[in-house]
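One chain, chain A, appears in both complexes that follow, with chain B as partner in the first and chain C in the second.
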Partner chain A sequence: MTARLDPRTKLYMILVVSAVVMMSATTPFLWAVRILMTIVPIVLLITEKHYASAFRFLILYTSALVINFTCLSEQSEGFLMAFLVGYCSIIVQFMPAMITAWYVVRTTKIDEFVSAMQKMHFPDGITISLAVVMRFFPTIKEEYLAIRDAMKMRGIVLGEGNIARMVEFRMIPLLFSCVNIGDELSAAAITRGLGGKVKRTSVEILKLGIQDYLLITLFTSVLLIFVVFKYFR
Partner chain B sequence: MNKKRLQAKDFITIGIFTALLFVVEFACGMLGFLHPYIVASYVIMIPIVGSIPMMLFYTKIEKFGMLTIMSVLLAIIMFVMGMGYLGAPLIILAGIVADLIAKSGNYKSSKKTVISYGVFCLWICANYFPVIVTADSYRKDLLDGGYSAEYCDNLFRAINYKTIGVLLVLCFVFGCIGAFIGKAVVKKHFEKAGIV
Partner chain C sequence: MTGSIIDIRNVTHKYKGSEQDTLDNVSLEIKEGETVLLCGASGSGKTSVIRLINGLIPHYYQGDITGEVYVDGKDISQTELYELAGVVGTVFQNPRSQFFSIDTDGEIVFGPENIGLDPKEITARKDGIIEQMDLKDLMGRSLFELSGGEKQRIACASVAALLPKIMLLDEPSSNLDWESIGTLRDIISEWKKQGKTIIISEHRLWYVKDLVDRVIYMEDGHIGCEWSGDEFRSLDDNDTRSLKLRPVNIQGRYEEIFDFSAKEKENHREEFTDGIVLKDFYFSYDKKPYLLFKKKYSEADGEELSLCIPELVLPKGKVISVIGCNGTGKTTFLRCICGLEKDCTGTIAIDGKEYRGRRRIGLSYLVMQDVNHQLFTDSVASEVLLSMKDKDDARCCEILDSLGLLKYKDTHPMALSGGQKQRVAIASAIAAGAEILLFDEPTSGLDYSHMEKVGELLHDLASSGKTVLVSTHDPELIECCCDYELYIKNGRVISFTGSLEKLEGIRRNAI
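After this line comes the complex of A and B, so read on.
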């Protein structure tokens, strides 16, 4: 299956999952719906050939779920138990949003995202800034790894035990490179006509396909189930 | 070309610094998983560590709207990360007020910048909103699920209606302190290098 999802569907998925994450599941049926909702982005990650991250998420989510349920049945007393249960419940609670966000950031190309936002008539300022944010996380990670390598090469470990220096040694070079990258990015963007007065066109032609409608229906029903059970029971 | 309007370059600057600020927030947030009390100490950690990128950002602000857009982006990111929509009005409000304060100093006055950053830091408290506003039902859900009362008590003792006022004040105070630290760092490293 090579059919790609429309960015608008992905954004809708984020919206629904983030809303549902806020409502806690109390009955087994709601738990089943919630787990189903988490499985969908994992499956989507697999279809987009991101096997490693899909596998990692699956393991983490399943183990948190298992620990959560086995410990819930017992009397969870004591510090360690309370800690473990608290940790797992946080993971179970927020993992779906994390997975969906990860999936969307990883599989959406920036030009797709921008043209989708333009089609939904978002203001340009928000669209461009959000696109830069999305593009920038991998860059920050790369730069950070380079800084860490450089520090290792010079034999600086953890900033010599001083917390202020620990932060300073990492933050300052990171800021330097990010500011420079930002300047290059704006030069590149202006060359491509960003910020001009004419309405921009896009190479990507966005069209909702069958898989988009299927997913939108699925996620709408998930949202409806949760709202109905939460407020109209 | 109208000088007052934001250009593409400004939007890109906003995006970069929002990403940096979020990374700082996320790194501190990871520590919060350890114990509920650390969650409450976000109001000290994030303003101080975040002040370094933010003070650099302030040197690049020249027009109204940049801080406001940044707060909108933060609200969107917080929503996506599952923090809910309850905090969004507070985040955006803090952004607009901070923007207005900085504007009244023409984005150059250092005193106004310090106060403006203090106000901007109030967005951190928005993360606590889901815990406070839904406290009763949230607590009931946890207890119904078989959690020990101990964990709940710890969480709700640190964060509730009474302490939120203290947390907000602390956030502002440490924002102002952080602004001074950030300014010193920016002066030490970036002005010498000629980036500012």
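After this line comes the complex of A and C, so read on.
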């Protein structure tokens, strides 16, 4: 148990970052705070040895930032510029939330997540549904890749030029297999005692460490700064 | 209580929305410590019996049920499913869909946590199970990276962690290769030693034959007959064939097919002059970093290659089985042939015409293990028409007729049975004009008669001039239809031989 974060801290981070990306930064100071807030999950990804994704996020975010500040201004004209403005501002605005969410999903074990939710006294119904959603992401990816392969073989990746069919060909097999897997999955989970009246225990001992308090303080202050600047000035 | 631990009394059951009874007046008593095998064709009610015992019928799968089921003295209809969790454990067929966590450690402790055991006790149990089932090297990994066999081992461990008295296994070997089946058998025999009551529903009979005390043969929802373990072990091929079961005593023949070390020693390569020539098939999953141009793989990359086939000639119009252990490049080989791996730049030559790159895609067609992934439209006919460049209704009907699908022309593909879906996929491959048909484990989890049908179908496809490559772990399929065997190890062709009889001829000549 070295510098691992408590899932509660992670959830709090998501909450704060999602709130902050909805508020725009207007002064250089606010920009600095925003960038700091984005660097934190990237650093955390590195500490958890997800180097490739940390690197990718870092490149994408910095390039968007640089383009946004150097090349683009209110006088920009032309199609390429319009495209760049749209693209970069979306990345700069919402990327922090994406990085944080990615970090949380990638590094939280379902088990940890469930016991954190229980410690916060969430009802079991909500906890278990959210846990199943987390469990399902990789499955959907696996199924989707298989379907895309099948489409490649048939030469119908572009849905015969029809966008509705393009979506239909992907979604229908995906839904069918996800429903099947979901059904088998719940049967298997129920036979192993999920959903009983007994209080669930957990081998994961959750305790807020110094790193958790640090991050909670940091993110609380980020939130406060943005709220103060937006509503009280 | 030393009497029967499971007591099923006159149960008749019908799933909600279905016309037919799945179980018809079934009575079955199983004593504590017994190992019982349920066999019979698909749809004969084996799975329903398993579901009666673990309570999924009537609590999860709804339907009409009469009769009584007692497990360990509890009346199932009055018992909640979670109360059974520590009594009955179930290992399911599909390793993909029975784990709840994303990591191996979390999966093993999942059950004990659910029933609210003390964390210290859970950790102790987990360590015990890891020790006992030799799982150390699988710990701390993502379940999504594991092979089918490894997933099934974790599934067994996570069920065992609840220390149930009764173990149910519902076709556990369906997705496993030869080696993993051996591991599974060891796990079952360990449970038997511990005195657990074990009930196995299975199509593959040979690997459990030495473990079972009693065998129940199911037929159309009732118990057809019952053998003692010894009677069962003495059944010969004719007996099993007349009951539409897979053979019981085939281990010797199996070992011949899957004796990889002998194949490596012989290193025999059948040579063909006229056929489909595969050239320069190199591929690696470890992608090299590149800046502007992707480096092409070549033989010089040596050990790094996951697939390395400089040249291979496949005979036309034959069924060729592709064998080898799991994760040794069989699927990679098939994927490269049909052009799904873009980085593999091999060429395929048929009748002197060379195809490379994207042009290979129309030439071959892979029928996937899960055919649900490759059916896209809302009727069988439009599925076939989708593959045709110029839509030709008459040709479509002709193809469907040849596969016995004409009467399902307007049915939704998802409403068909597994075997029919497979044939729809084949129909669309033929419609696309594919010369090479590739099958990835087409018979895993099929009963004898369905397996035989697939065998016939492959044979017919080959006689009509298509070249068929089947990756399979199913020796019964190899026996019934394959002309040649291609053994692949680490992405290299080790041997390419004729079927067993031919092979014996070669050996005799060698001596």
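List of remarks:
Definition applied: the second predicted complex is superposed on the first by the 221 of 233 C-alpha atoms of A that agree within 3 Å, B and C clash if a C-alpha of one lies under 4 Å from a C-alpha of the other, contacts with A are read in each partner's own complex, and residues count from 1 in each chain.
Basically, a contact is a pair of C-beta atoms (placed from the backbone, for glycine too) under 8 Å apart; a residue touches a chain by one contact, two chains touch by 3 or more.
The model shown is predicted, which means the values in this text are computed figures rather than measured ones.
Contacts of A:167 after superposition: chain B is touched, whereas chain C is not reached.
Shared-chain residue A:110: touches chain C; no touch with chain B.
Within the superposed three-chain model, A:176 lies in touch with chain B and with chain C [touch as defined at top].
Touch criterion met: A:190 reaches chain B and chain C at once. When the two complexes are overlaid on their common chain A, residue A:136 makes contact with chain B while staying clear of chain C. In the superposition on chain A, contact is made by A:202 with chain C only, not with chain B.
Of the two partner chains placed around the shared chain by superposition, chain B is the only one that A:101 touches, whereas chain C remains out of contact. Contact with chain B, but none with chain C, is seen for A:14 once the two complexes are overlaid on the shared chain. Contacts of A:146 after superposition on the shared chain: chain C is touched, whereas chain B is not.
Shared interface residues of chain A (contacting chain B in one complex, chain C in the other): 131, 135, 168, 172, 176, 181, 185-186, 189-190, 194-195.
By the touch rule above, chain B contacts chain A in their complex via residues 6-9, 11-16, 18-20, 22-23, 33, 35-36, 49, 52-53, 56, 65, 69-70, 72-73, 76-77, 79-82, 84-85, 130, 138, 141-142, 144-148, 150-151, 185, 189-190, 193, 195.
Interface residues of chain A, counted against chain B in their complex, comprise 14, 17-19, 21-22, 24, 26, 72-73, 75-79, 81-83, 85-87, 89-90, 93-94, 96-98, 101, 124-126, 128-133, 135-137, 140, 167-168, 171-172, 174-176, 178-179, 181-182, 185-186, 189-190, 194-195. Only residues 54-56, 59-60, 80-86, 88-90, 92, 94, 96-103, 105-106, 109-119, 122-123, 126, 144, 158-159, 162, 335, 338-340, 361-362, 365-366, 368, 370, 372-376, 386-387, 414, 428, 432 of chain C touch chain A when the two sit together in their complex. Across the complex, chain C is touched by residues 109-111, 131, 134-135, 138-139, 142-143, 146-147, 149-156, 168-169, 172-173, 176-177, 180-181, 184-203, 205 of chain A.
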